[in-house]
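Naming follows writing order (A, B, C and D), and every chain is counted from residue 1.
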Amino acid sequence: MIKRIAVLTTGGDAPGMNAAIRGVVRYGIYKKLEVMGVFRGWWGLINEDLKLFDHRSVSGIVNLGGTILKTMRCTEFRTKEGQERAYQTIKKHAIDAILVIGGNGSFSAADAFSKNYNIPCVGIAASIDNDINGIDMTIGWDTAINTALNAIDNIRDTATSMERIFVVEVMGRESGSIALAVALAGGCEDVIIPERKLDFASMCHDIVNGNVKGKISWIIVVAEGAGSAQDFAKKITTLTNLETRALVLGHIQRGGRPTALSRDIALNLSRAAIDCLLEAKGNKAVGIIAGKVASVDFEKTLFKKETNIEAAYNLIKVMS
Amino acid sequence: MIKRIAVLTTGGDAPGMNAAIRGVVRYGIYKKLEVMGVFRGWWGLINEDLKLFDHRSVSGIVNLGGTILKTMRCTEFRTKEGQERAYQTIKKHAIDAILVIGGNGSFSAADAFSKNYNIPCVGIAASIDNDINGIDMTIGWDTAINTALNAIDNIRDTATSMERIFVVEVMGRESGSIALAVALAGGCEDVIIPERKLDFASMCHDIVNGNVKGKISWIIVVAEGAGSAQDFAKKITTLTNLETRALVLGHIQRGGRPTALSRDIALNLSRAAIDCLLEAKGNKAVGIIAGKVASVDFEKTLFKKETNIEAAYNLIKVMS
Amino acid sequence: MIKRIAVLTTGGDAPGMNAAIRGVVRYGIYKKLEVMGVFRGWWGLINEDLKLFDHRSVSGIVNLGGTILKTMRCTEFRTKEGQERAYQTIKKHAIDAILVIGGNGSFSAADAFSKNYNIPCVGIAASIDNDINGIDMTIGWDTAINTALNAIDNIRDTATSMERIFVVEVMGRESGSIALAVALAGGCEDVIIPERKLDFASMCHDIVNGNVKGKISWIIVVAEGAGSAQDFAKKITTLTNLETRALVLGHIQRGGRPTALSRDIALNLSRAAIDCLLEAKGNKAVGIIAGKVASVDFEKTLFKKETNIEAAYNLIKVMS
Amino acid sequence: MIKRIAVLTTGGDAPGMNAAIRGVVRYGIYKKLEVMGVFRGWWGLINEDLKLFDHRSVSGIVNLGGTILKTMRCTEFRTKEGQERAYQTIKKHAIDAILVIGGNGSFSAADAFSKNYNIPCVGIAASIDNDINGIDMTIGWDTAINTALNAIDNIRDTATSMERIFVVEVMGRESGSIALAVALAGGCEDVIIPERKLDFASMCHDIVNGNVKGKISWIIVVAEGAGSAQDFAKKITTLTNLETRALVLGHIQRGGRPTALSRDIALNLSRAAIDCLLEAKGNKAVGIIAGKVASVDFEKTLFKKETNIEAAYNLIKVMS
């Protein structure tokens, strides 16, 4: 029977992680569980950096970006020794199960650890990249999109006023999920993503063609997984002889007040994660699937996310 | 065969309506249709206030709140004479079908008109209230929630600093959809919605109880359909003898830059609406259903939306 | 010689108060002072609710609205007994001087207390109302204006889309300072403030006249000190027979992330306040005067602020 | 006697330029002037790209970033031929005076042109860089600072959660004005600006020292005029062996909804500029000086802005 659980955040921080932590702690307590907060992800388990949380430990954090539990890369956890030390902490503190708030890398680590030491783990899908296979929407994605969109809206002012071509790089690791959402919402002229082969000559042709017709401002969104804004900007200038500006939005997309959606998802998923544990359904990740809270096996999340981006891409081109 | 369509916005304006207008015009043109914009909703059909739109008519509007087509209440359209005059405009301008961007009131009118005059109508679900039966998410709802949430976050600062009880009224007509989303995301202590019987004595008991334990700041969200913030604030003071402040967020929730989600939904729905028309599926409304773009018969949207709010309500209480 | 100071926040909270607290603590420590934080304003002095702050006590608060020291009305401090008890706390904790972050009411109390007990007090001008005589700009005003302006911008969307007349009430107590700034920046059609006699008939005449010429949307800003939005809206409808909507922005104007200006002023004023104390210049308030950090005698702040609003009002009318 | 004026925007766009255009047009008309809008700065004068504006030409733009008049670099205007062609346009359209909304480069060009052709020019100080000598505050600066500050606040979330060192480059050309304001308001640990010699070894010593004491997150703001974020980040890593992240905020700082201050300044300066013209005070720039609207001779603006940054820098260090 599960009496005490531990919660940790791993991987890149995502807006809404704090809401998820709050959710896990408060819903856990409501379900008569003890909840320990582990600091700096797996590193905290290995190094026994954790403490018992109560209701008030998570006051006033629902609207904060980042994670009060902090997060850290931890290569040691991939070693047998690291996992062994983590397990010692778990035994010492009588922890019965672990909730991992993070992305697919985190779930892969949790899956292995869980199987090696027979400790139930449930994942809560949190990632600005929204790149977890089997899950349609993760905590943080909506906030990152809106942050990037604010930037794009700002850039549009200058692009229009100075009649320039901007190449704007957004985050997303190997995924074009942020780029596609932002390019559509921002009315951008084109988008370059890893999931789709770029016809560079055709893109430049469009630019030159538009230029001839008087369309001089242009915003092209690049997903970081598809290449660098700087490189594309240079290549466009080379091919078209038109001036370009490159911009990398970078880490501003990770932080900030989470949107309502990122918070509401976080709180709902934290309830679902604990319910999963209490129903003895370990080694699963909870996320939004087909518009609802649902769960998926860890194994499934380890595959590359399948996406059908052609319709999304076409819509961007039609709307631009 | 459909060659020319008209698009109009009716009912209360919702952020993302302009994105939907853009979507209809540009996707329509892409599909070789002519698109006429009708001003001030049904009034514009009756009074022949419309014009042919081209690609550039909808430039630079994707990020604007409100509706460039304007919207207006029009009781005349509910009369036979009004509909007849509207039909004359349609015939005169050789309009083959109508796209109605609005809520369930708009769809009801469109449904009747369509049947009376055999003119295909498709609705695009846009309403900050998200109260359309059969549809999970409408254009504008996400923006309204985030606007209300910003306000709640601000109020939280004062509630905490001055240790006060706030009763905050949000929009939603007969629906508690904004109230529930905002109360959860804002970490609010309670929520009063039309869909759920209020146990007022118990709520006041909680407040007094919290007060004794040192929890002095309190935010209660009221959906407008459940009563007025002013009244509830007074009643709470009467029963608990504690000072309260009432606040009505009102029309700030209608306007503002649409969020990424409100824009992306709008652009996707506009494509779907035109595809519906071209596939001869009239008298339907398109919206987000189970996380995807889908359509529902007008008839279905006329019923009161069924909601299961108990789980949502409980989560708010557990998280507060 | 001053070794230990106490800092408190009183009156209504204002965005940037936390930045000022941070400033006082960190600059105080830098100047080798000990700094005690007093909770809930004068109440905390009376009830010995205070503690020694260190560098880290004010970490991570520069961007937070509200005040971590909380604030409270305290009628007891206006009595001899209240002041005596406050003085006992001061003696007991060896406090040499007091920094009061607040508005003119706070300065008046500080002035009296200081003279009665010969304890140096310096005020830091913080008030969203910007109504302190002798001071051009207070902490929090800029943030409140921007919050109100966001609301006005949102309302503009609906006012334009639905072609309506809105009467929007903003804060400011007896001052029209927020109303004037917002009405100008928001492109509002008129503004009603306590400092200026309203020609109501002329205003209604303008509305009707505009209406005839096709200008149907209209936003009128009302400073709370000049009357209620509800009342004005009703009166306009009575006189013009046009539909109106009233909106009270209320407490959303108090909270929220402080703007850069509110924070930068706060940090600069906190330095100036401590420098004042160390130069033995008590019974002064620091604020922005003629674009610079400067100080003014408490006595001066007790008078009603003189303002010349005719030019500002005319500009609004010309620009609308 | 001045009957017809022309207004243009030159140099980089700044948020609030549209408010200034609105101000010039509406106040100009109020003063019985005719106002022509010139497109793309000096280029529009040279190429006769201008038109008569009326009251409604500037409707709905007060809250928009960028400039509806567009702006463009124009090397031709520095030639005798270019100026001659511009003058022909002026004569042809009976333009009596020119209002130039822009920065010091624009004023320099206006000064020369004005003297060569005896055409009165008045400048309206608009520049996000706030680098105009003799003027304390320009249109757009406040908005740019707040945009950069939003980004810094976001980055703080990740810097704290992942315990990392960020080097963030902000705009400002040869000026550290944005960097100083943002670093103070953002609670940043250090700032590198062109006006101040950097003690790089000491900065790195601070970082390492902080790191030893447990302070692991760090944000350093770099003004673009002082070097590149990328370079500084690399150098810090080389010297301290600590991981760093570089971020260039870039053009997002140019655009976006202008803040209340940027708009209010713009509208006040536009009135002042026209009053200057009507009082036959040409070859002056209007801006905010010592907290008030005032003017300065063009000649003065051509010098490098004198700044006293030591106190500002010290405050940042004390507050971090």
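Rule of thumb we're sticking to: contacts are C-beta pairs under 8 Å (C-beta built on N, C-alpha and C of every residue); 3 or more make two chains touch, one makes a residue touch a chain.
All values reported here derive from a predicted model rather than from experimental measurement.
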Far-end chain from subunit D, centres as C-alpha averages: B
Between subunit C and subunit A, distance of the C-alpha-averaged centres to the nearest whole Å: 39
Whole-Å gap between the CA centroids of subunit A and subunit D: 35
Shared interface positions of subunit A, touching two or more other chains: 153, 156, 160
Interchain contacts (touch definition) - all pairs: A-B, A-D, B-C, C-D
Residues of subunit C touching subunit D in the complex: 19, 22-23, 26-27, 30, 60, 62-63, 136-137, 142, 145-146, 149, 153, 156, 160, 181-182, 184-187, 257, 259-261, 263-264, 267-268, 271, 288-292, 315, 318-319
Residue numbers on subunit D that touch subunit A, as the complex places them: 9, 12-13, 15, 17, 64-67, 70-72, 147, 150-151, 153-158, 160-163, 166, 245, 247-256
